[in-house]
Amino acid sequence: MTTNERVAYFNGQIIPESQACISIRDTGFTYGNGVFDAARTFNGQIFKLTEHVNRLFHSLKYVDLDIGLSPDEVIQLTLEVTEQNLPLLGPNEDYWVFHRVSGGPNDPLAAMTSPTVVIECTPLPLKARAPLYRDGMDVAFPSVRRIPPECLSPNVKSSNYLNLTIAHNEVQEHSPGAWAVLLDTRGFICEGLGSNPFLVRNGKIYTPKGQYVLEGISRQTVIELANKLKIPVVEDDITPFDAYRADEAFITSTSLCVCPVRSFSKKPLQDEAIPGPITQKLTEAFSQLVDCDFVGQYLAQLG
Amino acid sequence: MTTNERVAYFNGQIIPESQACISIRDTGFTYGNGVFDAARTFNGQIFKLTEHVNRLFHSLKYVDLDIGLSPDEVIQLTLEVTEQNLPLLGPNEDYWVFHRVSGGPNDPLAAMTSPTVVIECTPLPLKARAPLYRDGMDVAFPSVRRIPPECLSPNVKSSNYLNLTIAHNEVQEHSPGAWAVLLDTRGFICEGLGSNPFLVRNGKIYTPKGQYVLEGISRQTVIELANKLKIPVVEDDITPFDAYRADEAFITSTSLCVCPVRSFSKKPLQDEAIPGPITQKLTEAFSQLVDCDFVGQYLAQLG
Amino acid sequence: MTTNERVAYFNGQIIPESQACISIRDTGFTYGNGVFDAARTFNGQIFKLTEHVNRLFHSLKYVDLDIGLSPDEVIQLTLEVTEQNLPLLGPNEDYWVFHRVSGGPNDPLAAMTSPTVVIECTPLPLKARAPLYRDGMDVAFPSVRRIPPECLSPNVKSSNYLNLTIAHNEVQEHSPGAWAVLLDTRGFICEGLGSNPFLVRNGKIYTPKGQYVLEGISRQTVIELANKLKIPVVEDDITPFDAYRADEAFITSTSLCVCPVRSFSKKPLQDEAIPGPITQKLTEAFSQLVDCDFVGQYLAQLG
Amino acid sequence: MTTNERVAYFNGQIIPESQACISIRDTGFTYGNGVFDAARTFNGQIFKLTEHVNRLFHSLKYVDLDIGLSPDEVIQLTLEVTEQNLPLLGPNEDYWVFHRVSGGPNDPLAAMTSPTVVIECTPLPLKARAPLYRDGMDVAFPSVRRIPPECLSPNVKSSNYLNLTIAHNEVQEHSPGAWAVLLDTRGFICEGLGSNPFLVRNGKIYTPKGQYVLEGISRQTVIELANKLKIPVVEDDITPFDAYRADEAFITSTSLCVCPVRSFSKKPLQDEAIPGPITQKLTEAFSQLVDCDFVGQYLAQLG
Amino acid sequence: MTTNERVAYFNGQIIPESQACISIRDTGFTYGNGVFDAARTFNGQIFKLTEHVNRLFHSLKYVDLDIGLSPDEVIQLTLEVTEQNLPLLGPNEDYWVFHRVSGGPNDPLAAMTSPTVVIECTPLPLKARAPLYRDGMDVAFPSVRRIPPECLSPNVKSSNYLNLTIAHNEVQEHSPGAWAVLLDTRGFICEGLGSNPFLVRNGKIYTPKGQYVLEGISRQTVIELANKLKIPVVEDDITPFDAYRADEAFITSTSLCVCPVRSFSKKPLQDEAIPGPITQKLTEAFSQLVDCDFVGQYLAQLG
Amino acid sequence: MTTNERVAYFNGQIIPESQACISIRDTGFTYGNGVFDAARTFNGQIFKLTEHVNRLFHSLKYVDLDIGLSPDEVIQLTLEVTEQNLPLLGPNEDYWVFHRVSGGPNDPLAAMTSPTVVIECTPLPLKARAPLYRDGMDVAFPSVRRIPPECLSPNVKSSNYLNLTIAHNEVQEHSPGAWAVLLDTRGFICEGLGSNPFLVRNGKIYTPKGQYVLEGISRQTVIELANKLKIPVVEDDITPFDAYRADEAFITSTSLCVCPVRSFSKKPLQDEAIPGPITQKLTEAFSQLVDCDFVGQYLAQLG
């Protein structure tokens, strides 16, 4: 293909994105009946693709969707789609690589027999997020609570983000640019829209328990890096007060990897350096692992 | 138009359904970021369209979506779409009339500026559901609990149905054909996938409190009819045990109007008549109100 | 007394305020071990003083404090203190009249034998709050939840306001001037710092159930006035979504009486008039009852 | 100064205690708007003063109070106040050293700009509590539950003790002399009025998780001593049944250090020795650490 | 039969009580797998026997036990057993009449096919409880909470009383003779061991909602009597504070009918008369209804 | 004794089972007021009898029952009863050995002074359960939740099984033969009727926390065996989703020891081998420990 349009895998074929068309009766569109996963490239290489695809298959099992493809086939298709799209990236840019599966065009009460499957690449919003690495993120706790595990597993990357979206919107209304991190129904710090929070205090790292959050692959990567660096990591219930008395804090997500936090509820952190020393160590270790100075990649966009 | 394809309103135009195409990056598809409403026709007339459209606008306010249309404009468009589709109905058939709005093709973290708006007609699944009126519905309580109001308002008809869907799936696995009615996080009877449960005991009607459910327009209609018939209605917390000791029970939904229940958790109701006498009175009053023998319409499909 | 210093009742005597001195070991100061009540004057007359004093005595019973005075004696002392202070008011001004009782200077673990008792008058902050009547209040829901009844009865006007204060502070940080209305631990709308919220929708008034809030005497007054005006009042669990879809809303408190709300979480109310028509009716009925145009009194300060 | 009156730091000056005078409008008195900390001396030396002052500053951040002093300045002032008061102690006596900060004399709704700051010494109630070391403490579980973290952080030593006080009162009414240990809102053992409970079973020590309690500095000291003594310590949810089946139990607090428990809900412990062997080991290690036989100091008061 | 031994219905026969023998493998004995009901006689007549038997059959449905008898047959057998036992009563004495059904001698995992059925009469403990009518009951709130409806319906009179028994024991340990009234898991007043609490305040009667308690037939009788007497009755969540500020209070149970309360948590009621005026009115109405001065019957035992 | 009837210890004597007779007023029968324990034999030897008896005594303390026997005496009596019953076992059979204590024949409100004590042997249902080892167990999650610790300690093996029984019945109705594993009131996996669930994922073993379940002695045995085998065991909150994504799963109970699971909610496990490799290792280690091929013992019954 010689056009400069990106391609996507769509229900059995790799086609130009603009030709992929979701039905207005697709239960993914009508009822959010679907799951997805989101990996990213570093220098064009997809990071931990196997882990992302395995998680996708666990999610599919939870919602009883069978896509008729093996994990290996999904990996293969993902590599092909990405390969074809790489030439369209600018210098020092990278992709989000999304897998999305929905119940397909169907009645919600009928058996879900023909899922919609999409694999696509979206350029990372490097420029928009670059200031976060320079200044640190401002985190706000919305009044809306995260859906508890007894209703919908937060470990499943489902297409039902409205709980996270209304929390995000609530925060944007009063604090434009701040990041919403929801509390769970017990009032403990939980997670944001596709992001996992970490606190650092007295040399220890704290993050919410895996039962209550999407166990991000970046989150898991940071935990493993901390283990290697002999920095203790505690997965436990943490409170807003723990955030206020933290020395440092950071957020992990697929696109951000490790991004420093500057304040919680407008209270600056104890250690006002951005990033704090342990955040910096983890950032360096992460960069080394992915062989990409992702902070530099973001900051380069500041012009 | 002389084809026999139904039309839909889609982002400013009324077009054949097959030409309405949702982007693979529509946040309605990717994150379930949307709301909808569902009315139905009786003899081709849409029932309580104004109430449905008003509820849609409340839902839109909750999720911060602005569609650039007034309620009156939406009503007008709905009537047009329905008008054009009516000739395609078979005899004694009727339509579901859906309004669907999503955040549109966009990044989840960016402002939601160009929503996707769909108005479409779907023929009611009369045949598939006809046996329910003859035999009564079997209701099962899944282990999954309904999302509590502190996380996502159940009063908003949002496109995030996964909580309801996995509960429905859980029940289908062990009791094919049964209807899932979820319990709320306190263990009280709540609601099913687009349906509201009612119990009858000692001449009184009981239904869960409006705070915990989608306050269905059929639910509201039945409450008003009961008031007119001087049958007391209590909106209160009700338990599975209340279901087991109920004399009669029924489900309301847009498509079903009033449909009798035969059993809860496989325990038959005290009064085994289908429908029970109060259910029958309400069914007749409902039929009169909509000027359509909806039960007859369903049963006619049994052939 | 010919000075222009206000007097207060303090542990048995009426003395100039500046001579009333709380010990640094008073358990009211060290542990918030105390209760209070707050009435106000209209044209110099204390409104519903008996109701306030009765509530004070219920609060005292809850915390096991015995002040050695009968309700009648407290009423008598209150009238005396107020009488002496009235000459110090400017024209068109009024007083808050506070009763405060603490455990007195003592060890927290010992029997509480000599409570500290204060009765004092504070001029109402008319000027600071005047804009609220012109513009309406902006209400925000903080992430901090109200203490549940199983821990501390919200019906008792206790001196433990920190839960309310940190919620107020959280809101001030991101929305200066907005009023915090906390949600309860179930996520329903509860109360603010000394204030009770009301919603109006389809001609009905809604306010949170008495079990979860300080049952304000202004709240009770408004309920009685609505009853007289034949406007239905429902005490029930109400949600943030109920606030978003409300036609009008207002706050009651001792000082504010009835004050219109303009927005919840920055979402303007459906009916943007300030005050809305039912709020206006209640405001007029309240003014008539207390024989004071309290809105005019506030607005006069706008200069 | 040659009098025998103790001095206190009060808003910028060290003055005789009787000259320190809290306003009747100090929000510490009117709304419990404040925080504090409590250290103690052993042989006249303050134990872990730096830890106490650091905790005070975390508490201040939580309630948004700024006292215009650095931690070092507070430490310096504390040492001066204590120094001046030490000559007034009898032989073998010691002090509680309290820091107390409130919002100061102000309107609760206005910005809190001039906090009240007190540093004072109070002789420990050695005589009153001496029998506890001889007989062991009787612990009772009140029906009132501890305020959950989502409402007010229990990690903050706030001046809002009413929840603890009413629980204490409830227990005193039916079991004079017993110590109330509250359960949290989930029914797990939590904490008492300024005290942390510990259980010993099968050679392991159990204490409630830090998220739900004031993480006492004596609690932390005991955990560190147990670590040194190679006695495993588990911070976890523990139940009343765990208390009933415990071999030993003890309470830690600033004043009591380590004090043995004799019974829970009137059920004697499995091992009826007072103190049990592990409690005794920790008591000895604590005494060594603080260079003071604190049990002997208490028991000497029995006469 | 000419002996003075009482008879009981036992699995198909009416036999002397001593010949009724429960197997050590009866699941009623081994797992509390059973339900019961308890009526009483007044002057030898069983009160509301039909209501008790209907409730028994609802309970049986809940636990899936089928006794092979119709409600009418059970009523008939009950009358026969009682008839035969009446001659053994002393003057002015009455019976409790119990129905008990268990799963029978069986493996807990097997189908429950042959239930054990008992109908028996037990003389009421008039003497032991007589002082309650003279002095009023002392009510205490234990720390143990009542099992919530989502685990076991409190509306079912099941043979699983351990939750109530340990709460009763907890109270007996510290307050011998007091009656335990448990709080529910939300901290609201719930019920005691076979008893329903009522409060009276400002001329209104309050009792916990039916969803959370065994809806006692005496409770229902009192509600109906109050309706007839035009005394408003509110079924709602009530708190310990509501008890402390109540004017009067009473307990209903099958054996006690209506019995006045003197104190809650050792705090005497506002109105110290025993019984209070509304309690007295209800007592008289109850006596009239059952044609028996039940208070006199109890007090006669005081000798 | 030369008969072929089994004997039981019953209130002081060892007698033929048929002579042991529980009163119809035994509070164990009427109110489930009792506790029990259940050991089993392997080749006629009772496994961990001391641990079972110690747990029984903890249970007795919880419910305030005193049987007037020491643990050693109970052990001695148990051995005697078992000894006498062993000759009645067929080849390759074994016994459940039960201890059961109830409050005895008494009024529920009176002091419990003469408990009923039973020690008996029941042949294991080897034949009925044999298919579980061949096919694996199907586990279903009922809608009924497990009673929370704040109401009744799940660590106590009480005779109040109705919560477990109705959950079991609910599952039997829709999935005959499946095993019910209840979720706790937070929605995490808890326990079944006398059984503890375990999951295996990525080489780690997961089981619910001891606070929420009967800490089975087989559960504890498996944890110790895993420790010896260096297989990590995590006691933590686990969710239904954790079950769906588990590689293997098994159930432990006194009779089953270790029994493989085949599916949860009809979803087959990731690794469909029965048993999975880690389950197999633990099975072998368990067999070795008890010196009995218990799986072979069960499978031999398949004929």
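The letters A, B, C, D, E and F name the chains in turn, as written, and every chain counts its residues from 1.
Keep in mind that, in the parts below, contacts are C-beta pairs under 8 Å (C-beta built on N, C-alpha and C of every residue); 3 or more make two chains touch, one makes a residue touch a chain.
All values reported here derive from a predicted model rather than from experimental measurement.
S.K.: Quick one: which chains contact chain A and chain D both?
M.R.: Both chain A and chain D are touched by C, F, going by the contact rule given at the top.
S.K.: Shared interface numbers for chain B and chain F above half of all numbers used, same, or below, different?
M.R.: Chain B and chain F contact each other through largely matching residue numbers.
S.K.: I'd like the Å distance between the centres of chain B and chain E, where a centre is the mean of that chain's Cα atoms.
M.R.: Result: the chain centres lie 43 Å from each other.
S.K.: As a quick test, compute the distance in whole Å between the mean CA positions of chain E and chain F.
M.R.: 33
S.K.: Hunt down the residues of chain A that sit against at least two other chains at once, touch-wise.
M.R.: Residues 62, 144-145, 148, 150-151, 183, 187, 240, 267 of chain A each touch two or more of the other chains.
S.K.: Strictly by the criterion at the top, what is the full list of touching chain pairs?
M.R.: Every touching chain pair, ordered by label, is A-B, A-C, A-D, A-F, B-C, B-E, B-F, C-D, C-E, D-E, D-F, E-F.
S.K.: Please name which positions on chain B make contact with chain C in the complex.
M.R.: Against chain C, chain B makes touches at 58, 61-62, 148-151, 153, 155-156, 209, 211.
S.K.: Could you please specify the touching residues of chain F with respect to chain A in the complex?
M.R.: Of all residues in chain F, those touching chain A are 183, 186-188, 236-242, 244-245, 267.
S.K.: Give every residue of chain F touching chain B within the complex, in rising order.
M.R.: 140-145, 170, 173-175, 183, 187, 240, 265-267
S.K.: Where on chain C does chain D make contact in their complex?
M.R.: 8, 10, 17, 20-26, 28-34, 36, 62-64, 98, 100, 102-103, 107-111, 118, 120, 122, 125, 128, 144-148, 150-152, 158-163, 165-166, 168-169, 172, 185, 193-194
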